[in-house]
Each structure stands twice: as structure tokens, then as C-alpha cells.
Amino acid sequence: MMPNFNIDHDRHNRLGFSEVIFGASKSVEDIVAILNDHIAHNKNALVTKLQASQLAVLQEKFSRGIADPASGIFMLEEVPDNDTREVAIVSAGTSDIHVVNEAYYTLKFMGTGADRISDVGVAGIHRLMNRLDELKTFKVLIIVAGFEGALPSVVGGLLPQPIIAVPSDVGYGVATGGQVALNAMLASCANGITVVNINNGYGAAVAATRILNQLKR
Amino acid sequence: MMPNFNIDHDRHNRLGFSEVIFGASKSVEDIVAILNDHIAHNKNALVTKLQASQLAVLQEKFSRGIADPASGIFMLEEVPDNDTREVAIVSAGTSDIHVVNEAYYTLKFMGTGADRISDVGVAGIHRLMNRLDELKTFKVLIIVAGFEGALPSVVGGLLPQPIIAVPSDVGYGVATGGQVALNAMLASCANGITVVNINNGYGAAVAATRILNQLKR
Amino acid sequence: MMPNFNIDHDRHNRLGFSEVIFGASKSVEDIVAILNDHIAHNKNALVTKLQASQLAVLQEKFSRGIADPASGIFMLEEVPDNDTREVAIVSAGTSDIHVVNEAYYTLKFMGTGADRISDVGVAGIHRLMNRLDELKTFKVLIIVAGFEGALPSVVGGLLPQPIIAVPSDVGYGVATGGQVALNAMLASCANGITVVNINNGYGAAVAATRILNQLKR
Amino acid sequence: MMPNFNIDHDRHNRLGFSEVIFGASKSVEDIVAILNDHIAHNKNALVTKLQASQLAVLQEKFSRGIADPASGIFMLEEVPDNDTREVAIVSAGTSDIHVVNEAYYTLKFMGTGADRISDVGVAGIHRLMNRLDELKTFKVLIIVAGFEGALPSVVGGLLPQPIIAVPSDVGYGVATGGQVALNAMLASCANGITVVNINNGYGAAVAATRILNQLKR
Amino acid sequence: MMPNFNIDHDRHNRLGFSEVIFGASKSVEDIVAILNDHIAHNKNALVTKLQASQLAVLQEKFSRGIADPASGIFMLEEVPDNDTREVAIVSAGTSDIHVVNEAYYTLKFMGTGADRISDVGVAGIHRLMNRLDELKTFKVLIIVAGFEGALPSVVGGLLPQPIIAVPSDVGYGVATGGQVALNAMLASCANGITVVNINNGYGAAVAATRILNQLKR
Amino acid sequence: MMPNFNIDHDRHNRLGFSEVIFGASKSVEDIVAILNDHIAHNKNALVTKLQASQLAVLQEKFSRGIADPASGIFMLEEVPDNDTREVAIVSAGTSDIHVVNEAYYTLKFMGTGADRISDVGVAGIHRLMNRLDELKTFKVLIIVAGFEGALPSVVGGLLPQPIIAVPSDVGYGVATGGQVALNAMLASCANGITVVNINNGYGAAVAATRILNQLKR
Amino acid sequence: MMPNFNIDHDRHNRLGFSEVIFGASKSVEDIVAILNDHIAHNKNALVTKLQASQLAVLQEKFSRGIADPASGIFMLEEVPDNDTREVAIVSAGTSDIHVVNEAYYTLKFMGTGADRISDVGVAGIHRLMNRLDELKTFKVLIIVAGFEGALPSVVGGLLPQPIIAVPSDVGYGVATGGQVALNAMLASCANGITVVNINNGYGAAVAATRILNQLKR
Amino acid sequence: MMPNFNIDHDRHNRLGFSEVIFGASKSVEDIVAILNDHIAHNKNALVTKLQASQLAVLQEKFSRGIADPASGIFMLEEVPDNDTREVAIVSAGTSDIHVVNEAYYTLKFMGTGADRISDVGVAGIHRLMNRLDELKTFKVLIIVAGFEGALPSVVGGLLPQPIIAVPSDVGYGVATGGQVALNAMLASCANGITVVNINNGYGAAVAATRILNQLKR
């Protein structure tokens, strides 16, 4: 059978960002073929939501690539750091690292300046209060939270920027899978918060990129 | 048919509080009969979750009774005010009044001192911060919230008392019916918060009474 | 009892937009009191999700106000039109008008230029294709859809702007209440789409305002 | 214990297609016995939804059989190709291959001409538009989609044939398991689309066969 | 505001059937305007899922129209009967009449021959068995069922035609709203049954029309 | 720590059947201790829902015991066969064997005569019709079904005995886990069918025993 | 249109009880026609789940009939009392009367002796303990409960008879609609309890009749 | 990257209990680092919900620590026993041990006197009745139950203390995951019972500590 993929090489012209490869349900053979197609077109590529076994194959085949095991993300080639304070990725602690890093590396892949701020959960709210001045310097805020997902509600009442909330699947009992955090963010009584799918750090990064591209126009 | 109710007149001895009548799914004729039975036993009585039409009949039949239309609660006889700062019923605003008042009148019926504090939602968190010293003076905190139900998470990280969270059914879209607030409270990353059923202001008041009775033992 | 509301008059300074009143679960007496408080502070006000009976009272009490029965919205005073092409509110047809108008009047209240484009459903996709050039001229797109909620997926693959998707509760059977449209938008394979609660035209408008305010900084 | 199966050998006469064996929850011993019973009756057989370990046993025991690991399907004997353009199996990309192939091999087993067209997702809708003329030449369309399941809505507004939509379980977060795609297809505002169970490529193929048999009558 | 509808007058050429108006969430003024637009174009029209109050207005305004209160359907002009045995609409009894009639009048509007067979529920299966010979004479079967939705499973094992199952919302307890019947039809162990949304008699009729149009090509 | 179990040795006197041990969430050490306690009291014992690894330990420790790997059941000592036609356990095929056998061995443990009849699914209803006379000879019918769970509806309309329906977890897509079969059985339009939990072959056997014990009184 | 009902007059011979009419979703005209058909065949009839307006028409048309407004049940002709202690219908209090009475009148219609025992909820368990001796004298127990549905678990551990548990829809918050009581009964750790649909007093009565008929055989 | 944790060392002063480490979704390297930070601050520490592999590493690295494999809990240093009868942790049997022990070791870590009472399920209610006098001597009751979660309802009607109900995930079919037990506890008709998340023995222990701290003030 001929290769059954068809890269949308026009996407960057049309939308301002390149196609990214969703790795979770593809065979590693297909992913390797797609990456080779990018190399042949002289383009960088990003693959998301890889399992450890898939990641290991990619690291072996493409030794210059960047791999982040926490998020299961793989980038074909290193991208130079951008030190502009464009996007802050805010979270409560170490447990949401898989989502935080997916957003971080996606932004990095797109050449955007991004910082991770991860010790500001609502169960000890003074930690958030202490960093408000720093947070005010970013253009877009991505807020990641699992369990009851309350962090975007509190941030949304304190800061004026565009806010993209990302529910994570961290939690147990009723919080298993992230649906509670998702619903809490959608139902937030703080105003003008937008939400993406559970664990969708990638989507949050692209949404931030859409805003930043509009700022640069 | 003979009367099909059987008041548990021993409950106060056994548990430290009297039986209360759940009005929602009883015929008004049955409720009137039950109240007359209480009068015959020379006891006060409380009926909860009454519809407007049921409440109107009770007000007409028992003219000395206290009725609260917001919560659909009816008390056979006025109880003297208790000014002790025992329980604070904390909420975000005017929309949760049906739940706040159900807790308030149940505590009043049981002779407990209760205050309502209702302008402290997380979307403008300075309002809560301004009242922390006042809140520290109560022995038990009942926290009512609808929508994303984040208020108990924030309060639970700031104050040491026993906290009983009550989800309300205020909200729309995913928040319709109160399930989001309920789950957010159960999944709270603040520690040691307990939860009761949606709109169960009555249950929160009895739970507070169990604690206060233990304090008085 | 003293008035149990506490307007967050500092919100515009802090966040760049004023507090808006959620009407659905407040008594009309409370709403009237809140509006009079705004008049006393010489400020305009917006009330959302009013029922017909509440709206009628407000129209009678505040005769200069603007009422939109389709969305149940009420604005204390007319705001001059802004003809800038800032936000397009895109929908499939006449059935989502309650959500479209809530977004439209909220944007109007905030002084933003907004247009409604409502005949572009995916069941006849040429209608959308014919208007792509027009849609490219807006800075932010709000996309409203009920039933299977597919419109944001198609628009998101064609246009580069920030996109805020709003699920509406229009539909029957599995689509009752809007949960299917919500989930379809969250699961969209188009990239960087953000989502707000079902029927939350208001929240979409505030999210657009956060972006526009950032553009103006 | 005697064999506890009872093949419905009359099914082809009654319904126009043979009984197929659901492999997922049978022991491999039972499947082998059933296949031997088919061989004894001189009949071909198809087994669906096999796990890798079951498939390996069947390949070893019945070396002339055809196995497709992607879909977990096993056919006792090769069937000659039918090059008639009867059914197109349309999907967005490589991730839905397990469902696409289940439909493909079931149609092959029934002697029907089937083609797979798998690069036409709605996130880049020009890819679908470019192949409309080709799609018009088929008699029945099977459309497979995961995530938000929007593809059948778009195709259903463009093409007149019978359309059988198959939700796949590809996706994460709210899309986990395929329920969102299923509901989106059921709620589609495109007209006259029918739906089968999640991942039920087999059922879609039989439904197409029922239509094709009627066309041949 | 200008009329916010945009009839897809090309649909019949493209798909083989005309656009039908979904009445449930439109204002009656909008529906009247749309119907007048059809009269101006000299075309018949069908409106579905109307409430009694909407239907009354339409009957008064368009006195030659055909109204069916059971299904809330309205047709602008009578269509001559077609006595061909093309589609049988099969149901268990009188309770599903709102769904049966929606399918029946939609087929009638499209000029298709349709019969209603409604006394064949599985709780007394001899009633179905007695009518198998009659059912064999139709080209397509629409099967409507509420409660546990078992009828399509039984019919699907007995008859070879294309089968479109329609879950109805008749039932109580777990069956409230029709989700159980829907899921039972999707999970049916009978082969090649396709399903449409709950109460979607209209969609079943269009799906049957797609098949019949293919038969006539 | 002392043993934390407390066998209810009085249960047979009180209820007419002995306590049975739920194995799934106990450690194998606890199960061995409980079985030794039964041996010390000179009593037979039954353990249900054991995993393969637990079962292996029990077979080694108690070599006279009877183990059924399909259902994960273990009986301390063989019980003599009872050839009375008391209970028929009816199912569609080989996939539900784990539930059928749990019921079968539980009845055997209780000394009841039980037969398994497992080739009578509704997708080929003649197979059921052929065995009605045989089924009429039993006193109680246990009907096991997965997928859409339609078998009890059909049997319930044909036979007069007490019917206990057991949903099994066999199925995929919407049928995953057995909830569809459960709800279909609860919503059955056949009359007087009772239902137990998903996969609860044990509970169905005890319910049958309660009826049979009443017959013997 | 000819009458679209087809009474199953053979059901009593086949199953041991007559067909009963489900009133909820039938027009009152259809119900009257069905009842006249019974009168013409000289048979008694029972209609269940009638709304108040339907019941009023039936009472006027058939003045000798027995109507129970609490359960919405109507019986064409009085049936003589049967004083045998066959079935006890046990419930917690006055709120479940609609379910209790549906079971009661169905048993009465079938000539079975039935008693209602309704003051034995688990929140004051001494009330149940006081009546155990009385409960032991019945042949079958029907247990009705709403809220958390715990009553069958307690009764099932104390009494040996066949037990049919009926969840009622009484409750609020998470208990709304009766799903919690249903699931609690299905998950009961008491043994051999069977369950019917929410509010299905009728089904419980028929299930009891199947058992009693078996006892009489 | 610098360590991304930030221990809330002030929590004991603010709330009366120390921060506890949620282990489930942290890497074992992060947990080791956090524990070393505690040792450096000369403080004891508790980690919850550890998997077996994480626990093994901690036992090796911190050989003086206390590990409980049943609950996946790890305490850095032994705490002296407190023999005061402060909290009783009541459960039905051996299956809920993972939840019982999480509560037990958390209370031990906080210096509270706690006893485990685990043979009192409602399926044999005499076992509970026999221990009522003992239970009356505790100040707070934690009640753990899986399956239908009925135990708190019965205890709540018999004893006057504060009651914290903890649903466990023990059960199968509808009870899988603990949601049924959770909802049953929330819907309990016994009064003043509070509830925490499924399996949240830790939270119940902290809630008890909040009450005990209030008793000691």
C-alpha cells in the first residue's frame, strides 16, 4: 500500500503555523515515514502524545531530535531560544508537568517565548499573590490545573490578559480523567476565560500563537 | 387509610437534634397532619424544600409559623436569636440564597448562632481576604457555591476550622443542576473539606450541629 | 436585611472591563437595586440571561434601557455604534440567535465593533466558502453552533485568527442541552480553537475583549 | 462439555450474507473449533476484533488465512478482488486504520468492491473538495471519523448517496472512547446520515451490503 | 435587521431532496417568512418538530397546509399519494406515533410510498411473525422503538433489507429520553442495522430516500 | 493484627443460604485464612470473582477444591449433582460463559439442579423458538445477555416463570462494560422481569434460591 | 385511520396474567377505545402512569372504575379483596406512595393479597426491627426506596424471602430521578436481591405474580 | 531545571496540620527530593497513593520510614502511638483496607488516636448493633464503604457524633470505581453526614483533625 498520509504543507501560509503530528494512535513506522518526508522538504516537525516505546524509536532514528519523556513530545530539530516574555504557562505543581511541557515545547517549536511558573496552587494562595507582578508582564496566560481546576478562576479575577485554561487529568475518584477540572473551567465565574480539551497543552499553545500572530500583524 | 407517618420522637435523645420534615414530595394534607401531631406533642417543627403553593397553605393554617420563600422552609414557631458566633454560612452572592437560608433557618431552629456572609466570591478575591479575621472567629464554616464551586478550595487553604461545603444548583450549561460544583468540592486540593448533597443546606446545618454538640459535651 | 450585593467597582481598572450582572437566579428586586446602585455611581450596566418576566419589569422601571428578548439581555443605556471590524460572530442560522445576540450586545456594551454573520452552516458549505474573504477582515472570530457543533472545526482549518467557539443548546435527542456541540468543539482536530461554556455568548465576548485590549496595549 | 456454539448456516439464505464470528470475548480454542466447523462445511469464515495473541494462533493453525493486524480481523480463505466501485470507505488519516480495515475486509469477504480514501479530514477541507468527483462514482459511502466526528456532516451536505457514518475511538480527553464522534454523527445537521456503533466497521460493511443487495434485486 | 435565513434552493439538485425547516427553535415569525419565501419560489415546504402553538399559527396563516399534531409537522401543500410499497415504518404500538408520523409525512413530502405497521412489539412476538411476508415486500424498513429498543434486533435477524432504526423517547426511569433505546440499537447483535438520532423520524425518511434514489439511478 | 474477618455463620439459619466470599478485592492470604476457618468449622465454601493468579494459589493450597477459570470461581469441596430441572441458565453464545458459569457453580454449591442452554440469541430467533418446550419445564429462568440485552424481553413475552435477567459486560463501543444491556433489561416492555447487577451470576443464583426455598416451604 | 392497537388477549393463557395498558404516552382517546374493547370482551382492565387530566376523563367515562390519583392508576372494575398474606410492599414513608400504590393496585387487579408497610426507613432502624416477625409471614417482599435506596440491603440481610427492590424517583441533588437508588440496589452487598426499573411498581407486582403462580402450580 | 516544588512550610501554623505529599502522579525522583527537603528542615513527612514501584524505592532510600503497601502510604519517621479514643474508622470488611489504612496512617502521622473497626457491614446488621456502645466512646466517626455505600446511613441514624463518610472503589458492574457509594452517601436520608472524595481516606483524616483541633482549642 502507498503511504496513506498527505501533509498539509500549505498550512503555515494559510494559518500561520505548521501541521503537527498526533502520535498517539499512529504506528511508529508511519511516524518515521512522515518525519522523513519533512526532512526531504527541509522542514522541522513536532510529534505529540507519543508513548515511551514510540519515543525510543524516534530518538534512535533521528539522533539530533529533542525528546521530552514527561509529555511524550518529539521535535526533529532544536529551535533557538526566544527570551521575549510572550506566554506564561502557569500550574500548581509537579504533577501537571506532562501538560505544561506539551505547551512549552509546542511554543518553542513555533519560535515563541514561553516561561513555566509552577508553584502557585490555590490551596496556598499566597504563593500566587507573590507572583502577580511577574505574571502581568506576559501577553498571554496558559493556566494548567487538575483536580478541581480552580486556578483559572482565581487568576481570571486578578489579571487582564487573554487566558487559556487547560484541564489536566491529574486526580482520583471523581477527578479521574480530568472531566471535573474541565467542567469547572467552563463554568468559571471569572470572566472571559477560554478552555481547551483535557491535557491539550498543544492546543493551548496554538491558540496562544493565533493571538500572538494577531498582535504582530 | 390511617395516617402513614410515624414521627421518630426519640431522635433528639439519640442523636441530639429533632426529626425534620422533608416537604418536597409529600402532599400538603400529610404535612398539615404531621405538624398538628407536633403541636399535640407540644413540639416545634421544621419543614424543608416546600413549593410556593405548599408554603401558602401552611402559612394560612399555622399563622404563627415562620416562612422563608427563598428556601421553601417553614418553622412552626419562632425560636429566640442566639448571638454566639458558632457557624458562618459563607457564599459568593445573592444567587445562592435558597441554600444559604435553608442552612440558616435549620441552625436557628436548633438554637445555634449563625451568620450569613455573602459577598466573597473568588472572581474578586480581595473581598474574601478582607474578611478573614472575622471568619476566624467562628467555630464551623459552611461554604455555599454554585458554578465551578471554587470557594471552599480557597477558604480551605486559609482557615483551620471544620469546613462543610455545599454545592448549589446555580449555573447554566455544564453547571446546570450543581454537579460541577459538587465534584469540584469533592476533588478539592485543599485538605479536609467535607461535602454534602447539592442544595443540602439542611444537611450542612445538621453536620455543623453534630460538631457543635461534640464541642459542648 | 441590608443589601447583600457588593459591586466590584474596581474591576475595570484591574481587568479592563466592568462587572456584568448574571440575572438568571436573582430576584428582580435585587436586580433593580443593583441597577439603581449603578445609576447612583453614574455607570452603565448590563444584565444577562433574564427571563421574559424579569425583562418586562426592567423595561418598565428603566425606560431608556435596551432590551433584547431573544437573548434575555438588558443594558441600562444605549452605547454609540463602533463600526470597526473587530469581532465577527459567526453562526449557522436563525436558531442560535439567543447566543449570538448575547455576544453581540456584550461587545456593544464594551464599545467593541461586532458583526453578525449567520447563514454559513456546514450542511451547505459553499455558503461559508463564499464569505471567507469577508471573514478574514476581522481580528477575532466567535463561532456559535448547536447540534454537532462542526462549524468551528471547518473555520479553524481555513482562517488564522483567534477563534472562540460557543456551543449552543439547540438540538434534540443526543444533542439536547448542547453537550455534544461542546465536546465536539473541545475535541476538534482543527488547531488552536478555544471554547467557552454552553450558551455563554457573554463569556466569548469578554474573551474577545481580553484579546482586543491586548492588541491595543 | 459439548461444543457450545451453533452456527446459523441458514443466515445467507435468509439475509443475504453469512454469519461472522465476533472474536473479542471468545477463547481461542472455541474460535479454532468454529473455524474447523466452517472448513468441514466447506465454507469461508471471517473473525473480527481479535487480539494480537489470538491472531497469532489462528495464523499458525490456518496458514492459508488472511490476517490484518491493524483491525484484528482474520479470514479463512482469500477472496478474489472485485474492482467495481461499489463502496468508498472515507477517513481523515492514518489513525482510523483499524476501523477502515475492518470495513474493508468485511466487504472483501462478501465479494463487494471497496476502495479506501483516507486523507480528507475537515481541518484542511480542500483535500476533500479535490476528490468530490471521484467520490460521486461510488454507490454507498462509509465515512469513518474520530475526535469530533465532523467529516460525515460535511460529506452529507455535498453528496447524494446513502451514507453510513462510523465513529472511531481515536481521540483523547473528552473524545476518549469515541462517544463524542458518535454523538456528533447522530446530531448531524446534514440530512439522512445513518450511524453504527463506535469502531463498528464490520456493521457498516453489512449495512452497505444490505443496500447493495437491494440494488441487485 | 434583514431576514437572517438563506434557503439552500440548490439542495435538491445536489442531494436529491429539498431543504426541510427545523421548527423547534425558530420564532413563528421566522417560519412564516421562510414559508412565504417558498411560496414566492413556487415550491412546497415541510416544517418539523413544531410546538402546538406554532402549529396553530401556521394552520391559520396557510389554510391549505397539512398539519399533523402528533408529530408537530406541517406541509405547505398536499402531495398526491404514492401507493408503491417502498418504505415500511414499523413500530410496537400507539406510543411512538410522534416519530412514526414524522417519518411518514417526510416520505410523503418526498413523493415516496410509505406504510405504517404498528402492532408488532417483541413482548408478544407472534404479532411480528404473522406479518413477515408482508414486510418482505418493502424495499427499506424504518423500525421505531422506545423503552429497551429491541425490535430492530429481532427484525434484523429475520429480514434482509436495509434497516434504519429510530429510537423514540417513550419510556420512564432509565428509559427516559430515549438513550437506552438508542444504545441498544447501536449495540445490536443483529447485523448491518443503522441508527439515527432519538425521535429523528425525519432523518430516517431522508436516509431511506437516499437509498431509494440510488435504486432509481 | 488479628484476623479482620468475621464469618456470618448464622446466615444459613437466617436466610436459607450460606455466606459466599467475594474474592476480587481481597488478598489471597486473607482468602486462604477464611477458607481454613471454614474447614475448621467443617463447612464447604465458595469464592467468587477470583483473578487467575489468586485461583492458582487456591488450587495449590486446597487440592480437592473445584476451580472454574472462565468465571474465576472456587469451591472448597465437590457437591453431588442434582438432576432436578429447577433453574435454566439461558444465554446467547460462548461469550457470556464467565457469567453463566458463576451462576451455575453457585447453584451447584447450594445443591440446586441447574442446566445451561447457550445458543439462543435473538439475531436468529428460530433457535429460541425450537427450545421453548424444554424451557417450560424449569421452575426459574436466569437469562444472561450482553450487547443490547434483548433476550430477556423476548423470553419474557413467551414464558410464564420467574425470570432473573443478568447483563454481561460483553460488547464494545457503547456496550462496553454492560451498562446498555443492564438498562435495556430494566426498561424491558416484557412484564415482570427482574434484574441484577452486571456480571452478577452469583446474585442471580441466590435470587433463584430464595424463590426455590419458598417453593419448598 | 383504523384503531392502531391490537390487544394480546392470549397473554393470560401464555403468561398467567393479563396485558396492562401503559397510559403515559397514549392519547386519552386511544385509552378510552382500548377500555371499550375490554368491556366488549367482558374483561377487566388496568391502566398505569396516567396524568391527572387523563385520569379525570376516564373517571367520567367509566364511572364504576377505581382511580388512584397518587399513582395515576385506573382499574375498570373493582376486584374483591384477598386477605391472604402473599406480598408485603415495604417503604420508608409517605413520599414513595406513588410507587407503593402502583404495585398495590396491580396486585389487587391480579387477585393477589397485598399489604402496605410504610414506616420503616433505615434512618431509624428500630422501626424496621420491630416489624420483622410480621414481615416473615409474607411470601414475597417488594421493597420501595428513593434517596440512597438502602432499605433493601438491610432487609435482604435479615429475611429469607424473594425480594424485589423498586427504586423510586424521590430525592434531590444527586438523587434526582432515582438513578442513585437504582444503582445502590443493583450494587447491594446483601445477597439475591432483584431489581426493577425506577418507579416500576407495576413490574414488581408482575414479578411477584410470576413467583406466586409458580408456588401455586 | 531547578527543583519545581515549593513546600508550604507555614501550613501547620495556618491550618493546624502539615502539608502531605500526593505521590500518585509525581516522579519518584521528585518525591525523594521533597523528602530530603523535609529531612533538611528536620520535619516528618507523609506521602500518599504511591504505587508499589515508587514505594519500593522510598523504602530503600529511607530505611527508617514506615510503609503500608495496602494503602500505598509512606511516612518518613515512626510516630508514637496515641491511645486516646478520638477517631473510629469503621468499615464492612477486608476489601476496603486500602482506604481504611490511608485514614489510619494519616491520623497516626498527625498524632491522633485512631482505631479500626472492620466487621460491621449492613448485610448482617447484628454485627454493627453489637458494637454500638463501643462506637459511642469515640469523638469522630469515619465510615468507609464500597458497593452500595449503605453503612453511613445506618450508623447516622444510630449515633450522634460527627460522621465523615468515605466511599471506596470496591465493587463491580454499576459499582465500579465507587461512584454509586459516593452518591448513596450524598443522598443519605440519615441527617448531617458529610462526605469526601472516593478513596480519600487522607481527606477524611484531615477533616477529623480539623474537628479535633477545634475541640482542643
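Just so it is clear, A, B, C, D, E, F, G and H label the chains in written order, and each chain counts residues from 1 on its own.
Here is the rule we use: a residue touches a chain if its C-beta (ideal position, glycine included) is under 8 Å from a C-beta of that chain, and two chains touch if they have at least 3 such contacts.
Every value quoted in this text rests on a predicted model; they were computed, and no experiment measured them.
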Neighbouring chains common to chain D and chain H, by label: A, F
Pair joined by more contacting C-beta pairs (D-E or E-G): D-E
Intercentroid distance (Cα basis), chain H paired with chain B, Å: 27
Separation of chain B from chain F, taking each centre as the mean of its C-alpha atoms, in whole Å: 45
Two or more partner chains touched - positions in chain C: 123-124, 157-158, 173-175, 182, 186-187, 191, 197-198, 200
Pairs of chains, among all present, that meet the touch criterion: A-B, A-C, A-D, A-H, B-C, B-G, B-H, C-D, C-E, D-E, D-F, E-F, E-G, F-G, F-H, G-H
Interface residues, chain H side, partner chain F - complex: 93-95, 97, 116, 118-119, 123-124, 127, 170, 172-176
Chain B contact footprint on chain H (complex, rising order): 14-17, 20, 139-140, 157-164, 182, 186-187, 191-198, 200, 202-203, 205-211, 213-215
In the complex, chain B residues that touch chain A: 92, 121-125, 147-150, 153-154, 156-158, 171, 173-175, 180-181, 183-191
Partner chain H, residues of chain F touching it in the complex: 4-6, 8, 10-11, 22, 24-27, 30, 49, 167, 169, 177-179, 182, 197-200
